[in-house]
Structure formats: C-alpha cells, structure tokens
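Structures given as structure tokens follow.
Note that chain A is present in both complexes that follow, paired respectively with chain B and with chain C.
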Partner chain A sequence: MRKLIVLLFIIAFTVSVSAQDAEQIIQEVDKNISAKSQIAESTMTVPGKRNSRTMTAKSYTIGDEKSFTEYLSPPREKGTKMLKLDKEMWVYSPSTDRTIMISGHMLRQSVMGSDLSYEDMMEDRKLTEMYTPSLAGEETIEGRKCYVITLTAKVNDVAYHSQKMWVDTERFVPLKQELYAKSGQLLKQIRLSDIKRIQNRWFPMKMVYQDMLKDGKGTEYNITHIEFDKDIPANVFSKASLKQ
Partner chain B sequence: MLIRTAIKNILGAGRRTWLNVAVLSFVFVLMVAYNGIFDSFMKDALTSAHEWDTGYGQLWSEHYDPYDVFTLQDAHEPVPEALNQSIIDQSITPVLLSQATAYQNGNMQNILLRGIDPEQQILKIPSHQLAGDETGTIKAVIGKRMANTLKARPGDNVLIRWRDRHGAFDAREIVIASVFDSNTATIDAGQVWISLDNLRQMTQMTGEATYFVLSKQSRIKQDIGTWVYKDMDFLLSDLYLMAQSSRIESVIIFTILLVVALLSVFDTQTLSIFRRQKEIGTYVALGMTPQRVTRLFTLEGTSYSILAILAGFIWGAPFLYWFSKTGLKLPESYSEMGLGMRDAIYPVYQPASILTSIILIVALSMLISYIPARKII
Partner chain C sequence: MHRFLWKGIIRDRSRSLLPVLVVTIGVFAVVFSYGYIQGMLDNMIRTTADFQTGHLKVVTRAYLENEEQKPNDLALLGVDTLQKKLTEEFPEVEWTPRIFFGGLLDIPDSNGETKAQGPVSGTAYDLLSPGSHEARRIGLQQSLVAGHVIQQSNEIIISYDFADRYQVRPGDTVTFFGSTMYGSMSFANYTVAGIVRFGIGQLDRGAVILDISDARLLLDMDNATGELFGFLPGGLYNKEQAEHVKESFNRQYTDVTDEYAPVMVQLADQDFMGQMLAYMDIVSLAMVILLVFALAIVLWNAGILSGIRRYNEFGVRLAMGEEKKHIYRTLLVESLFIGIIGSAIGTALGISLCYYLQDHGIDYSAMMDSVNMMIDPVIHARVTPELYFIGFIPGVLSMLIGSALAGTAVYKRNTAMLFKELD
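So, the complex of A and B:
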C-alpha cells in the first residue's frame, strides 16, 4: 500500500513538474516570438501548378491588435495595403483605388492564393493565453534537440483545437508545428528554420506553411529583415495611410 | 356572299395564295411549338423548385442571405418555441447551413453543409438515407453535379473540414450514402446534405436552424418573431425574371417571323388592288359600294390567315404531337445550369396559348390587308 502511495505521489509530482516545464517552455517561446512591436520585410512564395509567385511586403505590427502591411512587388500586387485594427481589416487595392473591409468570416479566406488565411497572418496572441501545454517528450529535428510540446486549447475562439510543437531546447524557438482539428485530424504543418539571433531573441526567418489536406508544396514565408520593439508612429495604423 | 366571293377569289389566285398560306401556317405552328416548349420549361422548373428547394414558402433567419457568402456562417438562430408543433406535425422542416471545405484526391472544394431532418417528407432530398449513422460515420447525400465535382460515388469517403460556431477547425470523413438526380442546381452544386442532428453537433449549434421549408399544408404566412416569411413570389423571383426575359426574346422572334409572313400578304394585297382595277370597277358598276369592295379585299387577306391556321392544324397537329412525345433533347450543359430543366423538354400545348397565336395571326392579317384596301375608297 505504501509503495502504491509513493508511486502515485511520484507520478503526480512528475506530471506537475512536466506541466510546469511545458508552461515555462511556452513562456520562453512567447518571449522569442511575440513582441510589443515589429517592423518586418518579408517575401511570400506561393507555388502554383505551372510556376510560383513571390510577393514582397513590409509590415508594421503592434501586439496582436494593430498591423499594417504594404506589398512592394510583384508589379501586380505593388501598392496593395492591409490594415488590421483589432478584429477588423481593410485592404486597399491600387488597381481599383478602393478600400474594402474584411471582417468576420472573410478573414478565413486565403491571402493571395497562399496556404495562409488573413486570420493566420493576423493571429499573434501569446500561446500561453490560448493553450494549455504539456511536455510529450524530446526529439531531434534537423540536428537540433527539441522538446515536443502538446498544446490544447483552453479558450473557445482559437482556430486550431490542439497543436504539437517541437521547440529547440537551447534557443526556445519552434522548429516545427502541427496544427490539429478537434477530431485530431492534422490540418496544417509549419516548418520553421533559419533561426537568427536578433535583439536578444532567437527568431525563425523562414517558415513553410503546408495545408496537409491538399496537394501542394506549401507556402514559403521568408523574413528578410526584422526589428522588434521599435516605436511606430500612430498614423501608420490609420485608414488614411492606406491611400498614401 | 362577301365571304364566298373572297374565298373564290383567293383560291383562284393559285400559287400566290398557297405561298402566303404556307408561310403563315409555318409561323403559326412554330409559335405553338415555341410556346409549348416555354410553358413546359416553366412547369418543370416550378415543380422542381417546389419539390426540391423552396417547398411552398420558407421562413428565414433574419441574418440569412443566400447570396452573401460572407455572412452565411452567422445565419443561424435557435428554433422558436412557436414552431415546435409545426415541426412535430411535419408541416415545416428546419435546415441548418454551414460553410465547409471538402478534400478529395488532394483537391479542395468549397462546399455548403446542409443539415436536414432525415424524417422530413417536404423536400425530395433522399434524407431517409441519412438515418442510422450512429456508428460514428457521418452519412451524406449529394446531387449528381456535386458527385461529378468531387468525383465521388455512393460508398466513397470524403474528408470535410469545417469550423464550429467559435471558429475552431474540425475535420472528419463522411461517407456518401447516395447520389440523387435533381434538376435544381441550388440544392446540388456545391451542396452536401447531412443529418440535422449531426451538423448541429459538429458546429455546436444545438437547436438552431438557418431556414425552414414550409409544406403545402403549412398555414404560416407571416413572420414568426425574428424569422422572416418568404412567399413563393419572392423565392421564385429569379425564375419569373428569367421567364419574363425569355418572353421578351420570343416576342422579338415572333415579330420578325410575322413581319416576314405578313409582308407577303401585304405585297399580295397591294398587287391585287393594282392589277384588279377592272374587277373593282365591275363590282362598283354592279352596285357594290367602295366600302364593300374594301371589305371584300380585307376579307381576302384575312382568309389567308384562316386558311393558314387550317393548314397548320392539318400538318402541324401530327408534328406537334410527335414533338410532344419525343421532346427536345437538351445538351448536358443546359442541365448543368440547373434551371430546373430535365434532359429533354416535352412541350405542353396550352389552349390559351394556341388561341392567342390564332387571334394574333388573324388580327394582324386583317390589319395588314386593310391598309392597302382602304385606298379603294
């Protein structure tokens, strides 16, 4: 009997320690990934059936509330601007000289034919706010030792009910993410690489998003330059800046 | 006496008369056939809409707009208590909608999940096939257009992905229980029908619906709370607009045909009056007033149309009967349009439509014959 109690105690202690560890790991990930503000230049490559399209953009972000993106190339997309304020988004198209508001379910549409939805691009909430983590083990990804963390949604309004995340044990950056439906079906996979040290944090400069339910090579998202916690003038996040 | 003289005169004119009669009778038979096709199409389309889609009226959630894909996901409300009895006695049936994506063979297809009561009898959707899926598999019925798009057959599994009311993704495989054949594309193309209970559970929309389909027996003719009543005029307005536009097209075609046919009558009349000056003089010398002579020539012109209609009945009746039996085979692309068309249109000849054609041809012939004849006075 005493042995059983000791065993139960050890199990309970281990679970509690692992949960605490997982929570700490995720907090470290949040520290690396989330920032008060970001200014980033990026390219997004969407492979098509015949050839792929590459778009470059510059974006300004404050937390998960405000975001402004301007597409710089190709010529067809140049000048397209997106402004996100809280849960609403406006897209300005220079070819039509019109601004349209994207809200509600429109945010679930694909961004320029990619594997990312507007919602995916806008989602910048901290993982600790949305998920309860648990440590599932350790694995090696591309030569880097990783914690395998299982994240289960603790709030209703998250797109993916659960996630599996491979977090670098030294840098606390995710190297791979699998996003699951409530039924447990794997929906998307994100591979993160080209980890760089920028302003005292480790950050993945390359991300490949893949919709696991359809054929395709996935959408490649490369960050060419990024700055964190810079002051961004308030007028950047105004509707007037869309037409400038 | 005037009629007898007129008939004798036009029969005496020989080939000229029979040419006019042939052209007019051709136009008459063509008009009857075209109207028959049109009436048959409308009858089919209306029947199909009642049976497969609209029922005999609908009650819509105030947020429901079938043409706004961006608000469809929010178009659902709890079923009001006032409608519970109508649901139990099956005079109305609830339908719940939810946007989803179907994945088949590595391709994705945007679809609309429609939840329907497996026991409903109002629509011809084979919903009874959805009953008994308590084994965990979600059964679905789809139309042949959707089956073609998904390249799916009965018994096949299709992976679908949807979001619940909070926006969380979920995905599961459904099994195609049956493929139905309907002329109405709105309930087929891009639509996947599953049991209402399943959809409510999948989307966490317990006890909710997007719209109700009313049966012929339903007495609901007004809004119920926030649910907006839509009558048949509203639900079929697209069909009526299309019918109106087709009517305009047919009027243009008939006008052209009639102008060609009546031109020959007009030409014959003008030539007759010019050539039969001596005959006109003789009539007047015998005591006929100029008005009676005008009436005689007008009657002659009108007789062409009467003879044409008689001729039309003689050769047209067997032709139209044969046409109504064999029908007009439509290319596949027409049924894909889903305007309630079957594979072939079998014309239906309405007496009112035939009578209208007769009156129109006779009246116009009379008018066109009178115009040159009035100069005799």
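So, the complex of A and C:
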C-alpha cells in the first residue's frame, strides 16, 4: 500500500513538473516572439502554378491589438494597406480609393494567394493567453534539439483549436508548428528558420507556411528588418492613415 | 368485307367506343408526355449550354481536372490566336470566351466605407464586342428587372436577390474585391447598370455579370480566358456533330504533354449531362413499352367483355357456316380499324396540346426557388417528328394484341353445341 501511494505521488509530481515545464517553455517562447511593439519589413514569396510572386511590405504592430501593414511592391499591390484594430480588419485599395472591411468567413480566405489567411495575420496574442501547453517529448529538428509541446486552446476565439510546436531547447524559439482544427485535421504547417539574435531575443527571420488543404509549395515569409519595442505614433493605427 | 366491318364499328358504338377511348387516352398520354419531356430536356440542354457548358468548350487540361473549382490560375492564354484557329477550322461553330470568378461585392456608405457586403459568383461574357450574340443567348434584356444591359466599360449587372438583400439600385457604385488569376488582390469599382432575374435559382442568388474586357482587367487575365465556349449553328445541340468537332480538335494535341495544352469537351461530357441524356432516352423507351403492355392488358380485357357480349353473334356466324379462322381475322381487322381511330385521335390531341404548350409553357417558378438545376422555370413542350408515331404505332399494336388474345375464345366454341347454346 505504501509503495502504491509513493508511486501515485511520483506520477502526480512528474505530471505537475511536466506541465510546469511546458508552461515555462511557452512563456520563454512568448518572451522571444511577442513584443510591446514591432516595426518589420518583410518579403512574401508565393509560388504559383505558372510563376512566383514576391511582395514586400512594412508592418507596424502594437501588442496584439493594433497592426498596420503597407504593401510596397510589386506595382499591382503597391499602396494596398491593411489595418487591424482589436478584432476588426480593413483593407484599403488605392486603385478604387475604397476601404473595405474584412469580416466573417472572409477572414479565413488566403491573403494575396498565399498560404496565410487574414486570420493568421491578425493573430498576435501570446501563446500563454490562448493555449494550455503540455510537454509531449523531445525531438531533433534540423540538428537542433527541441521540446515537443502540445497546445490546446483554452479560449474560444482562436483560429486553431490545437497546435504541436517544436521549440529549440536552448533558444526557446519554435522551429516547427503544426496547426490543427477541432476535428483533429492538420490545417497548416510552419517551418521557422534563420534564427537571429535581435535586441536580446531570438527571433526566426524566415517562415515557410504550408496550407495542408492546398496543393501548393508553401509561402515563404522573410523578415528583412525588424525592430522591437519602438514608439509608434497612435495615428498610424487609424482608418485615416489608410488613405494617406 | 372491310366496308362491312367499318359500318359495324360506326353503327354499333357499344362495340367500338370503349376500346377507342382506351386507345385514345393511352396514346394521348404517351404523345403528350414524350413531347413535354422533350421540351423539358431541350430546356435543360439549352439553359445548361447557354450558361454553363456551351455545346463545346475548350479549356486547359489542368483546368479540366479541377473544373468544379473554376481555377483561373490554370486558364487558357493566347486566346485570340486560339479563337482564330478554331474559327478557321470549324467555321460553323461560334466561339466565345467566358470567365467564371468569385469574390466579395462591397457596397459603400456615403463616406466610402463598407455599408454591406456579400459573396458573389461572377460570369464575364463578351457583351461589348460588335456582333456578339452573348446578351441575346443568355436572355439578358428579357431578364432585366431594372436598369439596362451593360453598354460600356466599368458597368456591372447584379442579380435581383443580391440587390434586394443589400438594397442596391441601378446607378449605385459597388466595389468588387477578389483575387487575380495570379493570386494578387483585385479591386474595382463598378456602376450598377441593371438588375436581373433569370428565374434560375442558381443564377439569381448572388450572381454578377461583367463584360469580358472588364473581367480581364480585374483578374489580370489579358488575352486569357477560363473557358472558350463553342455553340453549334442555330444554337441547337447535336451530339454527333459536337463529338465530331471535339475529336478532330483533340486529335491535334494527342502528342502534346503540356498540362496547359487546350482540350475540348462537349456538352454530354460535362456536369452529368451525358448520363442525363441517356437516362431520358431510357425513360422514353420505358414509357412506350409500358404503354403497349398496359394497353394490351386493358384491351384484352375489353376484348373478352366484347366477346361475351357478342357471344350470340359469333354463335350465329359459326352456325351459318363461317369459319372460325375467318371470324378471328375479321376481329383483328376490326381491332385494327379501332386501333387506328383511337391512335389517330390520341396522337392528334397529344400533338395539339404539345403545340399549345410549345408556345405558352407552364411556369414552375414558385416551386423551383430552392432547385439547384440549370433549368428555366417556364417549361415548354416540343413538337418533334417522333410524336407522330411514338404513340400511334404502340396504340395500334396494343389494340391488335389485346384482340388477338381475347379472340382466341372463338376457337373454343364447339360447333356441335352451337344450337343448344343458342336456345
């Protein structure tokens, strides 16, 4: 009987430590990935059936509530702007001089034919706010030792019900993510690489998104320049700035 | 003898009235049903061809594999050259480009911000080229509820249901938001030229119509098209002719491995139309067989009743020395006359009603709101040459079979017993 109590105690302790570890790992990931504010310049390459397109954009983000993106090239996309305020999103097109609200099922549509949806672009919340983590084991990705963390949604308004995340054990940066629907179907896969040390944090500069429901080669998203925790004027995040 | 039999039929109505009525009703039912089914089939073929499939269609091989998604990224390029080549090779066929696309139609408020928006499925037709028959082909003018047809660039036509739901009127500006054939965002402002109601649920729910030149600008499809439709002369579908054109075109590309090489399909290859046509042929054949079978049974029964009623007459004729074979033969000739009379009246009535419904049609629109088929809710009958014999021959045959079966009773009469029976 005493042996059984000891065994149960050990199991309970192990589970508790494992959950605590997973929680700590995710907190470390959040410290690297999330910031009070971000200004980033990026390129997005979308391989098409007949040719590839590369777009460049500059984005301003404050926490998980405000985001503003302006497309700089190619000519057809130049001047297109997107504004996200809390849970709402608008797109401005210079050719029509119209600001269009993106809502409902449109948020799940692809952005510019890429493997990213508007919902993906809007989701900036910390992992610890959205998911309950659990440690599923350890694996090696691209020669780097990783924790395998399973994340299950603890709030309803998340784009993906669960995730499987491979987190670098030294740098606490995800190197691979699998995003699942509530049904358990794999919806997207993200491979993160080119990890750089920027302002005391490790950050992936290259992300390859693969929509698993599409037959494509994936969308390559490269950050060419990024700054964290910079002051951004409040007027950037206004509908008036879309038309400027 | 024929004259004698004819007089018998005319004068003794109790002998002929019931069989004539039975044959008339049966033949009428077949002729009318066949004419109406033909009309319905024509309606379905014409509507499907005009809006969805053409009599023939050229697309890329890759597009054909994913056709239900209307993948414009796999569209035909260099369409002018291809269209010219097709016109030279098959001058009897009219070739016209169509682009199917989807997106969001956004209606602005007075500040230019989103007042309402809804998903739409669009079709681009060649409406502005001189000599184009597209507007007439899809009945654009007749389907207008308000406004006018597209007369210039940057005009759009929207479906009645969408206009009603989002309170859009002719003259309003709307913005289309979608993606180009290469996946880029596409935006364009259009003036609502008109509002249409085709009466076809599938088209009226959220359809928009653009001119092909506007769609090419919008979707970055310069000299490209999703599909290149072909229409046979007179707008009439002919399966064999379409098959001949299709085979001679596709033969030129059998050695080409390019997934973007053009491939031609015909109406019967698309959207289960082949199965539908085969099914309708089977239904028509089954109707005729059923008519002969059912009428033969009814007339056999009528013949037996008549035989009982004319029991004495046959007895007297046998007693007077008339041969059983001769009586049986006269019965058959008599039934032939009755069959011809009944079939002629039934055919005439059936064709008359078909002629009437060919012009007027029956409007089923109230019952077809949720129907997802490409079919005009006003269904007309069609008078075809087959109507003149499809009911007539089975009508005469069934009468003959019925009488032949019933008449065998004549052979069962025993001559020696006749006078005893006649007492």
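Following the convention adopted for this analysis, the second predicted complex is superposed on the first by the 244 of 244 C-alpha atoms of A that agree within 3 Å, B and C clash if a C-alpha of one lies under 4 Å from a C-alpha of the other, contacts with A are read in each partner's own complex, and residues count from 1 in each chain.
What we mean here is this: a contact is a pair of C-beta atoms (placed from the backbone, for glycine too) under 8 Å apart; a residue touches a chain by one contact, two chains touch by 3 or more.
None of these values were measured; they are calculated from a predicted model.
Participant: With the two complexes overlaid on their shared chain, look at chain A and say whether chain B and chain C clash or fit.
Facilitator: Chain B and chain C clash in the superposed model.
Participant: Go through the superposed model and pick first if A:D97 touches only chain B, second if only chain C, both, or neither.
Facilitator: It touches chain C, and chain B stays clear.
Participant: Going by the contact rule set out at the top, does A:A181 touch chain B (first), chain C (second), both, or neither?
Facilitator: first
Participant: Where does A:L213 make contact in the superposed view: on chain B (first), on chain C (second), on both, or on neither?
Facilitator: First partner only.
Participant: Should A:A159 be classified as contacting the first partner (chain B), the second (chain C), both, or neither?
Facilitator: First partner only, chain B.
Participant: Have a look at 37-45, 307-315, 397-405 or 415-423 and say which bit of chain C overlaps chain B after the superposition.
Facilitator: After superposing on chain A, the clashing stretch of chain C is 37-45.
Participant: Considering only the contact definition stated at the top, list the common interface residues of chain A for chain B and chain C.
Facilitator: 105-106
Participant: So in the complex, the part of chain B that touches chain A is made up of which residues?
Facilitator: Within the complex, chain B touches chain A at residues 70-74, 99, 101, 103, 106-108, 159, 161, 163-164, 166-172.
Participant: Along chain A, where are the residues that touch chain B in the complex?
Facilitator: 104-106, 108, 153, 156-161, 179, 181-183, 185, 187, 211, 213-215
Participant: Mind listing the chain C positions that touch chain A in their complex?
Facilitator: 62, 73-74, 104, 106, 108, 112-114, 117, 119, 175, 177, 179-180, 182-185, 187-189, 220, 260
Participant: Can you list the residues on chain A that touch chain C in the complex?
Facilitator: It is residues 46, 48-51, 53, 76-77, 80, 91, 93, 95-101, 105-106, 110, 112-114, 239 of chain A that touch chain C.
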